[in-house]
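I've put the structures underneath this note.
In the two complexes below, chain A is the common chain; its partner is chain B in one and chain C in the other.
Right, the complex of A and B next:
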């Protein structure tokens, strides 16, 4: 028996031309966000509903995290569903729409200009996500495998759409009375749909496939993943119901506990995969990704403390709320992206540049296409920056915030150096 | 696991050549990784059929790896028409990694 000729499968992986722009955009957004954090450190001593913080949060959530996840998922979805991406044109459309929408939206927040910049920004972002969702649905429905990983990714895409659409409604709510309460009241719903529905589900769906793959681990446990899936989605729906019901608001710790349970089950899943690995030496990129899995527990535990204090004492607890949001975006999400960027991007670039030399010529190792020393210093700067900045938020200390911001800006600069070194990599002339 | 073949002597040469083709992510060659399933020689028509797999279908590095296998075999057997085919029956599993491969991963 002779397999399927390779010429017929060669075109099925997603073109690098579709994926690479997302990486470049995300890197630039991280730098912009870090720069704005440094320029506006004082804003982090007050309430989170501050124009500068809203702008920075959206640059981080959309420009940095969502853009890189969208780019990588165009490459990873074919692996998850064992089928090709439905449309590269739709992928490019989602890049262009989001690429135009995010700066407009962020500008709108930064200057609190809720007129056309924020509204057009929001509309473009919603359209971009719609393109992504259609592409995802079509790719999954024609893929060979119905699996729990694909379901995580698709459900995450749906929650992303809901988050963005609800966000647009909230922008309109500043100028027209669309909702019964003001926009600030609905902010926790908008934020948690994005954090839990989009980021948490997506990261868990993809990481539960990639971490065992990179570790060459035999561990598989789809039943555990199904349980995690149910816990997070039920928690999110429960949170919506309880938050909107004024009578049952005291039960809001139940969904938080469910999420915490899901997080610990996911940490357990990754630990078992790590234990059952054949590849004993774990490279620094996978190590930081595994570290981010551990970091997951931190914001959720903080959230439980926050809920406990809110229920007991009332009041705003602004520092805790800010620290929680910061640890979600600059802690867990950023850590996993810092690691996974250098686990995926060098291979995409290597594939683009050297695949025709495979088997006949000497080619560099994909890991040699970026500067390992800069990567390691970046990780140290990141960890120190994270600790300083979080401590600064909790202690309301401007000096700590500024020190943390400088370190995070350094992290972003080193990340950009390596990403753009990869993006502009050319085959040496021999 | 040794690949199935109809000409063991020639297959040995082919496997030597294929030891130079690495999975770029793992750094292990395709033979010890257990990706090569069959090597069938047609001496009359001067054709070589290599049936192989990938660690996962739609592997982003799949194109490079299969192209590397094709080029390595063409260089090893000049005058032969080399055909590389993909099979996922059985799908690749860690059990297909050779003893040398496991040693490499254990380092």
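Right, the complex of A and C next:
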């Protein structure tokens, strides 16, 4: 009576025990970063190569964004490839290694202690990423189908490993002369393998699947996604080559244009999915994620202006570079995570608490497990904070920076309130 | 006057003949509380003659004959249910670690004429699995014991002195998550029967994401109002749940195995 037989490939949902710690860690990191931004607002009026800014960037990039992405990937990748996670132990190992490594590394930067804290921090982070990569590879190769989304995610993982490994080399370069130039010279390479290779590829790979799903849209276009994939990876390899060759440095705008083209194609993809949607009213979590996609264009255009100015004047454009970095991490990446957290976490918590009760009686709506009002206020505080702080960097105004930092701290506090409300959710009667 | 029997509530007696109040109080000093109008209102509606005689610690026959003297007509002389309460202390209660006991003394509440029922239910809700509630009271809370028994709580009564009774409450089966409203506890089997001949089936197990969700939502749009949709799925479609709520559909889920889940979707 049940019709066609079900495939024999086991499809197990990843245990919440593996995924939830990543979310908690990320939320705490966002708060820590916002607190440090407020305490060190003045540092944002100077050069970006500043111990405090390096520490804050790594808390944001690793503790906040990478941790939550690692957590969500352990849950999402098995769904993308219709299989199950290879090893929950490896996932836990990855959490513990990164969880110990990130504070050490950040401490090392904050006090510019490039000895054992930064070195051990870097080593632990590299090991954590290795665990993640092995787990990812095994899960994808065992899965029922591999698709362009899974390829995006895996390639992104490879770039993350390259970024972290190169970062560790740069830490060593402070104390030993490993490379021909000083660490500052290589910083753009490290930053862009991270930003483009890891974050951009990953977000595009996952969002190209999730956004149509959340919009309830039938739009599909794997060919366009393949093109985006090729553009970004070619651009990154080209950037590496051109940057290190020094002779051809003037051609560096070519990879930048390729990335910009990829971004606009991706925005086009999301727009088409939005047009073909069945759901008329878009909920605020998806709206801020779409906003983040639009926000993508902003830092890249800034980057083009930056390159143009650098090539013309040759001088350093520190506040523009700082604004660019800030818009990438606190603008684009944070916006998408703020939205997507509440599109994933409530469901993981619902599944943990209620799935076995869903046959007995009525169970709550996953969307009701967090406070919607606080979410909305958080989005407003975030947008205002982003605008104030960016304006503060560009205008070199401490007052604007501080106002922005207070708003961002409020954002982090509200985010934490909702995340921990979800993490500690218990069903009403036991 | 309407005939009375052991199941007649005290409130009914007092309504029929206010003199019954003094008669009952004269039976046992424990009934002194009934003089308090608030407590009377609270307890009398919940307590039957049979329960009251247990609270008062007397034979039910004495209770009934006292009422008979006032002119109440006793209905039938059917067998009075024997005292069936097991007074033996259950083994697990004997050496229970203190962290598994939640103690609640309701005597101050009752003394001031407040209804402790809400407080008691709240404490029971907060109990973690394996924990017991130790209720301290001045009499055996027979109406409460019977009420909670229906909710799945077992009890054990220890009479320390005539004025100090300890009642232990503990859950014996998982208590329904929606609490005390039986209207909301309609489970899979009951609903399956309700939609027996009024069900459409849909198999989305072979579809690639996100087609299962789209197919289900399309099917729901054309579903006749009194019918249910029975879906074969590979996993619990979590992202479908808010969509269902938005379209005023309710759902029940049966997990057949790791790879097979059945859903029953119907209008709420």
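One rule holds for everything that comes next: the second predicted complex is superposed on the first by the 418 of 430 C-alpha atoms of A that agree within 3 Å, B and C clash if a C-alpha of one lies under 4 Å from a C-alpha of the other, contacts with A are read in each partner's own complex, and residues count from 1 in each chain.
The rule is short, and it goes like this: a contact is a pair of C-beta atoms (placed from the backbone, for glycine too) under 8 Å apart; a residue touches a chain by one contact, two chains touch by 3 or more.
Quantities reported herein were computed from a predicted structural model and do not represent experimental measurements.
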| item | value |
| --- | --- |
| Which superposed partner A:78 touches (first chain B, second chain C, both, neither) | first |
| Touching partner for A:212 - first (chain B), second (chain C), both, neither | second |
| First, second, both or neither for A:13, with chain B first and chain C second | both |
| Contacts of A:362 with chain B and chain C, given as first, second, both or neither | second |
| Which superposed partner A:428 touches (first chain B, second chain C, both, neither) | second |
| Touched partner set for A:280, first chain B, second chain C, both or neither | first |
| First, second, both or neither for A:350, with chain B first and chain C second | both |
| Overlap of the chain B and chain C footprints on chain A, listed as residue numbers | 2-4, 6, 10, 12-13, 79, 213-214, 216, 218, 278-279, 347, 350-351, 354-356, 358-360, 365-366 |
| Residues on chain B engaged by chain A in the complex (per definition of touch) | 20-21, 24-27, 37-38, 40, 49, 51-53, 55-72, 75, 83-88, 94, 97, 102, 105-107 |
| Interface residues, chain A side, partner chain B - complex | 1-6, 9-10, 12-13, 75, 78-79, 82-84, 144, 213-214, 216, 218, 278-281, 347-348, 350-351, 354-356, 358-360, 365-366 |
| In the complex, chain C residues that touch chain A | 125, 127-129, 171, 174-179, 184-188, 203, 205-206, 208-210, 213-214, 217, 232, 234-236, 238-239, 241-243, 245, 250-255, 258-260, 268 |
| Chain C contact footprint on chain A (complex, rising order) | 2-4, 6-7, 10-13, 79, 145, 209, 212-214, 216, 218, 278-279, 347, 350-351, 354-363, 365-367, 427-430 |
